[in-house]
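Look for chain A in each of the two complexes below; its partner is chain B in the first and chain C in the second.
This part shows the complex of A and B:
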């Protein structure tokens, strides 16, 4: 168990190093850097460009730039933004908390709505509840999530006469403003992920329902409540818990575009702004965080799986 | 094949065929997507303009119809590119194994560690806007997925008795790979193309919405949605119809993929 854990951890660390290195090289591979954009009018003055490039360390070979950045990052120092001069860890951390709140609220919504729908559909296979859930998930999975957000904005404006506040409010500032800010993004993301959860729960329920011990329980004349409560739910619960990890990583991706639509200062908007400004330290910090969170969640899911299901431990 | 699978397959095939017609022959279905008519700007849907008009009076219906070729063409080309890159690399890696396999597998893991949209933003932003760059960005995102699938399939085939028999008969390694392993890996890769199409479509639309897609005035569904952002309350039809087109295309591909999957 300990050996398997160590090797999983090692693989995740190696992936993190490789992916950050790949991104590091990619964003430096394009012509034009922060220097040209910063100098603006006085661009073309070789002495000024040279000095600025040396100041940012862009004159060193790529591999030395990466190793320097990685060594600092390992010590917890992500450097300072080239545009704002503030520490990257602070900028990225603050943005991540905003994204995390939306992500967790979305996950809760997806769980609460998706799981019951999926289980009902799985139990009533081929009947109308199943078809209704299938139709809902087909549409919800097919609609681009930012478009769902736009439709929600239009609908809320037209029918409720309500629109979210123009400026985002954090949970620490004013809770009711904060809830108004995140309501539509969470709803848009939640509809999509509830559909994903419903599909998965339906498939898992159908799998358990086909098994002999469920049929035996029905044949023994147990009331439906006992069959579903004791035999079905216990066996469906494990994969459903671990699926939360998959959903959380998906939300992390989807939230990027939704943040732009709703002008929420989260990780996605920070990433986009950093790309546009060619602010490499912020960009690298944000990407590092995104990859680490994705890897960590996957690792946790594997561990959780092993902890619940003894059969997985040897593998 | 169950009734449901038959329905999914039939409906998917029909809708995809319909989309193909729209994408290939938009001229028969709608007028020019670029005809500007300032006098009729932001007009709501009517008999003359079924989907209304945009801020320069262009017909939204014409732009949606002509956008099919751009949007679906880019996604289609990207999926084919990813299938070629990832499929070939995966088949070779799975069949040959050893060091090359290890290096390629780690590379694929590194790319798969990113949420696809984040990788797409970084690549598309570095390459700059444009249809070809968008195809490249989407191709790089999905190549690792094809790599894994082709690798697993080739690995399974390489252990089969007929491969050993072909070797025993004295065929060269590349001939065994090309003539025996590749034809058995190809169907898996093809099915994956259909399964990934709706996912790639979402990313393509998102990149267009973020302004990282095809530059104006080329009609593109994602780009149209970006242009509609400033008119959400004044002219909601600008956002509704390109989005419905995306929804329609994704449903079509999703149904076809499910139907094909349960056909086995």
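This part shows the complex of A and C:
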């Protein structure tokens, strides 16, 4: 177990180094830089351009820029934003917490709505509950989040006369404002992920339902609670937990759309703004964090997996 | 409703009064009404919520170009002069301005009761420091090019600043306004973290100071209690909330979450017409939506091709498709400057597809040719405009291939003078020199982004800059515009209207034609 963990950490570290280096080079390969963004259409003075490039260290060779950044990052210093001058760790950390709250709330919604729907559909295959869940999944999965979010926003405004607060508040600042701020984004993302979850749970349920031990349990005349509770759920739970990791990473990745739509200062929007402004330190910091989170989630899923499935523990 | 009309006479008189004919050195007293008229009925207090579509990358008036930054920093930082909507520069931190007969020396008397947000009083040394900092290219200010006109600054006493030019520049007063002409305490940038600090703390002299800037979310400003204009401003604070999505902004306005909003898409006004208690104000703007033609580009090098493109385009149809007609079709200057500085429409060519075809045939392109048109992602008007223009150019045989690039990529092409055939969207202060010079004058004086390389244009641009007689200035710029419409380095399509939406409790807000938030300095909230 410890060996497995160590090798996983090793792989994670290698992934982090490779991905930050790739990101570092890729974002610099895109035409345009922070100097162009700052000068805008007031450009035209080559000396001013040179001065700004030197100010940001963009005149140094690429490898020196990367090593400098990596060395600072290893010491825990991610630098400062080229736009506002605030420390990257603070910007990215704060934005990540905002996104994490939305991600977890979405995951909870997806689990609470999607899993029961999927299991019911799987157990009652081909009958009306199954068809209803299928219909819901089809609609929710085909509608782009942007569209769903927009419809929710306009509907809430038109029918309830309600719209989200203009300024996002963190849960620590004002809980009721916070809940109002995240309600629509979570709903928009949650509908999609609940549908994905329902489909997955239905598939898994159907798979387990076909297996001999379930059929045997039913044949032995066990009450449905025992069949579903002991035999079905335990076996369905393992893939569902794995899926939670996939979904969470997917939510964190896809959150940029709802964050832009609902003006939420999360990681997605921070990343987007950093790309637009070619704010390399923020971009690198945010992507480093994203890589670490993805690795961590996968690691957690593996650990959970071991906890649920005794067969994995020895491995 | 506030409709802003600029009378040509007023604008010319204003400019004449300020710049004065050489030989008539004069002093001008400060008009009391910068930012718009004060309101004796005004009620004090309250925080106004303003929804904005574009967030400024930072709040540093010395190193950040772009309207999103200027739009909000004009409330915190002030220049010696103010870009009055009528088109002239009026004293702001200066009390008076005097130009020498040769137009090379400007003497400014400063207001005496001005304090910075840091608490220290403003003196001539601060003004000298600020302007010396901007004009030194090695400090990397986007204002450096405009301030290159200044040869020397001096502060003979605490309340007098003297600016000497290497050659006359009638636009100097406008240069010292609020885009780049802000005054900060001396040695502001001596601290290594100075630039970063400006996004957390303002150090200007404006009616509001920065209370909080949370990127991707909001900017809070608080009334500056030691502000120099007595009794101003009326508001206790302003909250700017960033709403990057047009639909969210509309919902926020409909549900009264926002008190004031400037619509990113003027045509969205249609969706708010039925909402009770909303006032929709329309004003002409200094912004232009344009097509730029790079004369260095192989396909556009032949002036007949550029002319043909211009003759094939129906600007009104493009504007209709892009912004539902909520703007003004342009000749060769922006809408809010047409009356004061524009070449008369009847002296400019109009759409003539037959002549366009003939010109292309003459250029050996009678069978038509394919051409790439570059649009910028995120500028919504460009997509419908591109489709409309493609149809119009198809009729003269040009097969348009529409490309969309990200803004940073586009800016890179712009800055390196590799624009090809592209859309553009830019604004100006109400002055022809500021509008045309850097964009169209050959290097090193200008940047000539479109590789126009037109010696006649250079002469006219220099004449317009140096002439102090307003009538002569106007003649130079009208002639320049005719040259532009004849040799087509750019096709100015339309200026979208500035459409401002305010809740009924918002009073005394006037929209400035730059689209910047000057008007909030005089706004108050009814009980």
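Here are some notes:
Convention: the second predicted complex is superposed on the first by the 289 of 315 C-alpha atoms of A that agree within 3 Å, B and C clash if a C-alpha of one lies under 4 Å from a C-alpha of the other, contacts with A are read in each partner's own complex, and residues count from 1 in each chain.
Note that in this section a residue touches a chain if its C-beta (ideal position, glycine included) is under 8 Å from a C-beta of that chain, and two chains touch if they have at least 3 such contacts.
All values reported here derive from a predicted model rather than from experimental measurement.
In the superposition on chain A, A:154 makes contact with both chain B and chain C.
Shared-chain residue A:261: touches chain B and chain C both. By the touch criterion defined above, A:144 reaches chain B but does not reach chain C.
In the superposed model, A:167 makes contact with chain C only, not with chain B. When the two complexes are overlaid on their common chain A, residue A:291 makes contact with chain B while staying clear of chain C. With both structures placed on the common chain, the touch criterion links A:19 to chain B but leaves chain C unconnected. By the touch criterion defined above, A:253 reaches chain B but does not reach chain C.
Residue contacts after overlaying the shared chain place A:48 against chain C, while chain B stays out of touching range. Using the contact criterion defined above for the overlaid structures, shared-chain residue A:276 touches chain B and also reaches chain C. Residue overlap on chain A between its contacts with chain B in one complex and with chain C in the other: 30, 150, 153-154, 157, 260-261, 276.
Partner chain C is touched in their complex by these residues of chain A: 30-33, 35-45, 47-49, 51-52, 55, 80-81, 83-86, 91, 95, 150, 153-154, 157, 161-163, 165-168, 260-263, 265-266, 269-270, 273, 276-279. Interface of chain A with chain B (complex): residues 11, 14-16, 18-19, 22-23, 26-27, 29-30, 126, 138-139, 141-147, 150-151, 153-154, 157-158, 249-250, 252-254, 256-257, 260-261, 268, 271-272, 275-276, 283, 287, 290-291, 294-295. Interface of chain B with chain A (complex): residues 4, 106-107, 109-111, 113-118, 121-123, 125-127, 198, 202, 205-206, 209-210, 222, 225, 228-229, 232-233, 236, 239-240, 243, 246-247, 250-251, 254-255. Contacts from chain C toward chain A in the complex involve residues 49, 51, 55, 57-58, 63-66, 137-146, 148, 180, 193, 195-197, 199-200, 213-218, 239, 241-245, 247-248, 251-252, 254-255, 257-258, 406-415, 426, 438-439, 446-447, 449.
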